[in-house]
């Protein structure tokens, strides 16, 4: 019982911290992504938000560097739906559209052009739709 | 014949530019890597050095950013021999050992821990052996 | 000629055995999947049905265990169209919707969340559409 | 300045050579693919066309062999949009529809059937739509 | 400051819970794996042990089912060092050597034989070395 | 009982056909590979030899084309132990060392250079050791 209280206190702390980080990173998009995850599966959403809190609150790398790492791993693994979300996050973090595009181009010699072409299409769509709404 | 002269002039230009970039990025390690590639296959070495010249001379991203992108794509695809070389290159480019390690940690929620564990082992070996020889 | 007779007898045996296994695993869905494969390419359909007969008639693992292995490999490789089919098969084999979902969640530390998110979306769609039609 | 002149001369040469190769490989489809790439990102299009010129002008393998290698790597990595384009290129190079289909079937024991099924669907669509328009 | 106290209390809780789970799953091997991770990188070890605690304490799937999912995802992604560790864990969880081997065989039609061959070699080594020491 | 007799007759037929194909493809290496597989796991060896018989006895693609497809899928997926075996098989099938090397080079724009470098090293080792023993 003591254990369960500690556990639920920890969950609440992780949830709070994760939401703060998500809000800081993604603004309204973050809240929306969280709600979608909750609909998909409530436990899954809590795990995800806990992990976000853990990793994005770490020191050493600044926001732009974290965004660059995240974009690159998503490009490399062809995780296109997540790349859409994190292209937005990377722009929020202060990377320019040119820097984001160059990250994809820098991947060409390492992953080949099919992977980069498919990633760049998603990324350019996000970049264009944001420049339209500004 | 005119075509062949143009072609060989272009090859020479690409070769020169690639070697300069390699030297700037990797110092003595670059020359060594190039010699190994030449032994493996001469054409392959020329293609590689040409691509290096093209990509690493591009503007927009600075050296540290390029190194961060390169490390992340190699971590994600489990390219361990290349990760060894580029951990060195990343340290040459001015990233600290802590930043390099954090790039791997930042990948955990995106690729899972087996991929990151295997990468981190290689990266820490390079970091330790360099700190020993300083 | 003797060889050809033996060959065609073997093909017929494998075909029969495969169809039985498919019917046992998937019911009407199995027959439909087979017909789709036949339209795609007749030889391809025979190879597939032969392999199904071989692997799903093996002893040692029970149906639920085979379904768990199959789901996990499809989640890990991001084979979303096949995951749709085999989520149904897994439910037919007697795994509960909760067990299926937990298999995906158990993969998070090993493959990262983009891969699991994309898989879970497909799996939840199948689970919801079945619970609607019951 | 001398360097820049040399660089731009080289770019022009690579561009010209790449367009010739693309035209030879893909006809009208090649020009269209290039225009799409230019819209996506002008630098990306130049890099790609430069690489095409380099690799498809190499001796040793004939056109059919290059097409077979290209199809197989795209099947294996699940690069479906590029597979659509290169199924056309392979037919242009003189591979028959049956040979192309067999390349996919030959991959089954090496990559498993989900990867091959998804590839074969794209390839058969291209093959059918070409046989309709003949 | 309040925040930092909460954070360090949470870390201690996650650490404790993770160690318990690790001990339950792997016995002496778990402690050893944790020490190796700590030498590799202390933060990395804490993240990993936290994740282990989270995922392996979840209900719904029993230990054998979790072990089956874990083996299958490691086989599929070719994570051979981790597969060595988790073959041991799977035997501890009560799966038989035959069940473990069948999990690999069941993957053949889904991932192809090179991936399974390389996995099976590692798994059989663990199985043989354990049967020798019994 | 009738069923079991049919089943064992089919197994014998597949075994015989597979061994013939293996012998034709790999000569002494094939027999050795089969023995290694049998030691690893007898059922696994029978499945593999059955699949080899099925796929390598198919018409349409000639031996060289099948070898080219096989090499390319192994290069692309980084299946280095299998690539070693099949570089030998490809040379037996009549592909020249230059053609084999070019298949790897042709993959560079599609998979990137880390994957190709690692593959080419294995392939060149086989090529050199064969040219030494001739």
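Letters A, B, C, D, E and F mark the chains as written, and numbering starts fresh at 1 in each.
Simple rule for what comes next: a contact is a pair of C-beta atoms (placed from the backbone, for glycine too) under 8 Å apart; a residue touches a chain by one contact, two chains touch by 3 or more.
The model shown is predicted, which means the values in this text are computed figures rather than measured ones.
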Set of chains whose contacts include both chain E and chain A: B, C, D, F
Turn needed to bring chain A onto chain B - CA fit, degrees, nearest 5: 180
Taking each chain's C-alpha mean as its centre, the one farthest from chain F: A
Farthest chain relative to chain E (centres taken as mean CA coordinates): D
A-F or A-D, whichever has more C-beta pairs in contact: A-D
For chain B paired with chain E, centre-to-centre distance based on mean C-alpha positions, whole Å: 32
Interchain centroid distance [CA atoms averaged], chain B/chain C, Å: 42
Whole-Å gap separating chain C and chain E, where each centre is the average of the chain's CA atoms: 26
Chain F, residues touching no fewer than two other chains: 43, 47, 51, 58, 74, 77-79, 82, 101, 105, 108-111, 113-114
Footprint of chain E on chain F - complex, ascending: 37, 40-41, 43-44, 47-48, 51, 74, 77-79, 81-82
Touching residues on chain C, where the partner in the complex is chain E: 51-52, 55, 58, 60-61, 65-66, 68-70, 72-77, 79, 82, 98-99, 101-103, 105-111
Residue ranges of chain E touching chain D (in the complex, touch as defined): 107-114
In the complex with chain B, residue positions of chain D that touch it: 6-7, 10, 13-14, 43, 47, 50, 54, 58
Chain D-touching residues of chain A, taken from the complex the two chains share: 78, 101, 105, 108, 112-118, 120-121, 124
